Amino acid sequence: MKYISDYRDADLTQGLLQELRDCITQPWVVMEICGGQTHAFVRYGIDQLLPKHLTLVHGPGCPVCVTSLELIDKAIAIAAREDVIFTSYGDMLRVPGTERDLFSVRADGGDVRVVYSPLDAVRIAQKHPDREVVFFAIGFETTAPANAMSVVQAKALGLENFSLLVSQVRVPPAMHAILGSEESRVQGFLTAGHVCSVMGYWEYPPIAERYGVPMSVTGFEPLDLVQGLLDVVQMLEAGDVAVHNSYSRAVTFEGNQLAQKLLANTYETCDRAWRGIGVIADSGWRLNPAFEFFDAEKRFDVGDIQSKESEVCIAGEILQGLKIPTQCPAFGSLCTPEHPLGATMVSSEGACAAYYRYRRSPSSE
Amino acid sequence: MSADSIKMEGSVCPVPLQHEQKIVVGHGSGGRMTARLIAQRFLPAFDNEALAKGDDAGVVELAEAGRIAVSTDAHIVVPLFFPGGDIGSLAVCGTVNDLAMVGAQPRWLTASFILEEGLAMTSLEAVIASMQAAAREAGVTIIAGDTKVAEHGKVDGMFISTAGVGWVPPGRCISGAGAQPGDVVLLSGTLGDHGIAVLAARGDLEFEVELESDIAPLNSMVEAILAAASGVHVLRDPTRGGLATTLNEIAFQSGVTIRLKENELPLRPAVSAACEMLGFDPLYVANEGKLTAIVAPEDAEQALAAMQHSPYGSDACVIGQVEEGPAQVVMETVIGGTRIVDVLAGEMLPRIC
Amino acid sequence: MCLGIPGKVLETYQQDGLLMGKVDFGGAVRESCLAYTPDIEVGEYVIVHVGFAISTLSEKEAQETLEALRSVYLLEEELGPEEAG
């Protein structure tokens, strides 16, 4: 595919990596905050080709990983109901709740269906007017327009049997929380390219200014990732603080204004609990009053849920970039993809799963 | 087991209607309807003496002395029919290939059917015809079988279970434990065709590809490879779990590291595109007409040529090598990095991240 | 949040009040919602995430970026190792 293979060019990528090695003169810590980028760094083996001075840490950019335990338990409770067809993106099926996951709800006879697009869930609601169809609307700003369109469509089509279980999270408040934390050692940022395709990158210059952290809007192919890193390191070396766009083929400063408008008409900001981190103010979106009828949390009685995390899991520290997976005592032993203790090991973009799948041990090549 | 000739029908007659359009529970009862089903549908297609005798087991003569190989498999696929094949050809070729991978010459198969009440007779006929065509191509005969009918909804149309028996010529010793450092890893063709073709045909994810399943019997390719090269250490067909899972099994059985080159992996654009879209890794997608051969380096050229000149092997290529090291599979990525290729954990699901 | 890939728009149509299109991802074709890229034309490229085009792909920017990178970072290749910086 034309716009994929060009950005996987080995010679060009290696050329940029060489430049990165040549230009770096002191240690820097750079964070990326997108599960897709975490996955790509490790899957292409780029993280091992980086100069020793550069420490790449992974932020809480995996919407699957950060969806709160309470919400997962609510999803499971709703999915187990006989009158419900529970629809979800594939990523969520194996995430452990307090007792079990959505996969085991399906094994017990629950009607849990994987959909590729939220519009597929709307179609299921049209096809089954006698059943309640719930869609698990997780995601960052990238997925928000799609999720929001499903409920806008449902309303337009008069589908009363459709509802959303919303777990939308926003990147800028998370960046404030991370960069504003006393323990933060993050000096540079790669911003999530597709979040910026939707939102633009007008939200970032004030954040970069406030914390003195240069940023580069970065894509997902090997060339994009190294280009973004090189850009940030060049700024760090020069002492510049700015926000650059290293993904200009898919991102503009203003972003997709049509999408932003629909989001403003469908959602309103709210506080949200990030699994492993805690509540971050204004970091989420929920359905606004015009769409209250379609809110699954209001439609189904799932108030009385007791959630409990594993005591061993350090996903929170990993999601904040304070530790990397190989520093977790349970990594690869008590906690593996087959029996995960936390979401970061389940989701294929979770840092722990990515490290396990592509790296396995701290001492491997 | 002669065909029943009574044709009386109607509410006064105790003999059931001659159900010709759909499978009903009576077809599995073991009585007259079962007999008629076997006589009219199965016997003419799987035309051989052992089966036609109608005894509880098929008896055949093994002319050569030596070892026999036995394999067994159950086949479940939705939908039953898809571009490039169906559950019937899948069942026959899958069994033939299991035998071929240990160096056996496949001879006889059994086929046990669990049919769903309500299955269209034309579907059963089509599957039987497909099995006979595959069996003929592979040079095997189906000498024993069974038919049961399950209630509507308990089975997805039909399930087929097979066993295969083959003869292993003396001196052949092909096993997953045979890979040695220095060996060359060969692959007979493009990855992921079957898995993606079936997924597209299933329709849930609603995408279209111009792609057919690669279901094929590989026993003649195996014979060609073994005739051309003496140092063939491992043969395996990467079915469920894909090439990654298969190579990991071999790495563990042999206690070696297998190093792949991502650039060398043959992929059809349709498979590549579908995998990108869904977030799948083609290394984990099922194949049903491909094999990987691990051969001594001095034999690699001949083995590869034999594969390329076989039916179904025109895209055969070298994809890696075997090294000393921990039991694992590693891969040099397209940009020159390295990563570990793990076994498949659970089911592959489309992802958003 | 990120699995978005470029695809070429083959055709567009209305369905249930939404602008939809058939998008080709290089050999796999899927229906995608184009409501967020209403000015897209057949033959142009979009980035698709969960069945929705979230942005157009600027071929101009794509080309310019590649050219710029190639001119700087492939120079060493052409010069050869003895002449590289």
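Just so it is clear, A, B and C label the chains in written order, and each chain counts residues from 1 on its own.
Operating definition for what follows: a contact is a pair of C-beta atoms (placed from the backbone, for glycine too) under 8 Å apart; a residue touches a chain by one contact, two chains touch by 3 or more.
The structure presented is a predicted model; accordingly, all values stated were derived computationally and were not measured.
For the interfaces A-B and B-C, the C-beta contact count is higher for A-B. The central chain of the assembly on a C-alpha centroid basis is A. Put simply, the C-alpha centre of subunit A and that of subunit C have 22 angstrom between them. Chain centres here are Cα means. That of subunit A falls 38 Å from that of subunit B. Annotation: 38 Å between the Cα-based centres of subunit B and subunit C.
Subunit A has residues 1, 4, 34-36, 62-63, 89, 116, 120, 139, 143, 349 in contact with two or more other chains.
Looking at subunit B, one finds that residues 205-206, 269, 272-273, 276, 279, 351-353 touch two or more other chains. Shared interface positions of subunit C, defined as residues touching 2 or more other chains, are 1-3, 5, 25-27, 49-50. Residue ranges of subunit C in contact with subunit B, taken from their complex: 1-3, 5, 24-31, 48-50.
Here subunit B touches subunit C in the complex through residues 200, 205-210, 268-274, 276-277, 279, 351-353, going by the rule given at the top. Per the touch definition, subunit C reaches subunit A in the complex via residues 1-6, 16-18, 25-27, 33, 35-38, 45, 47, 49-52, 54-55, 57-59, 61-62, 64-66, 69-70, 72-74, 76-77, 85. Remark: subunit B residues 204-206, 269, 272-273, 276, 278-279, 328, 330, 333-340, 342, 345-346, 349-353 touch subunit A in the complex. Residues 1-4, 6, 11-12, 15-16, 18-19, 22, 34-37, 61-63, 89, 116-120, 139-143, 145-146, 149, 153, 156-157, 192-195, 197-198, 220, 223, 227, 248-251, 256, 258-259, 262, 349 of subunit A are the ones that touch subunit C when the two sit in their complex.
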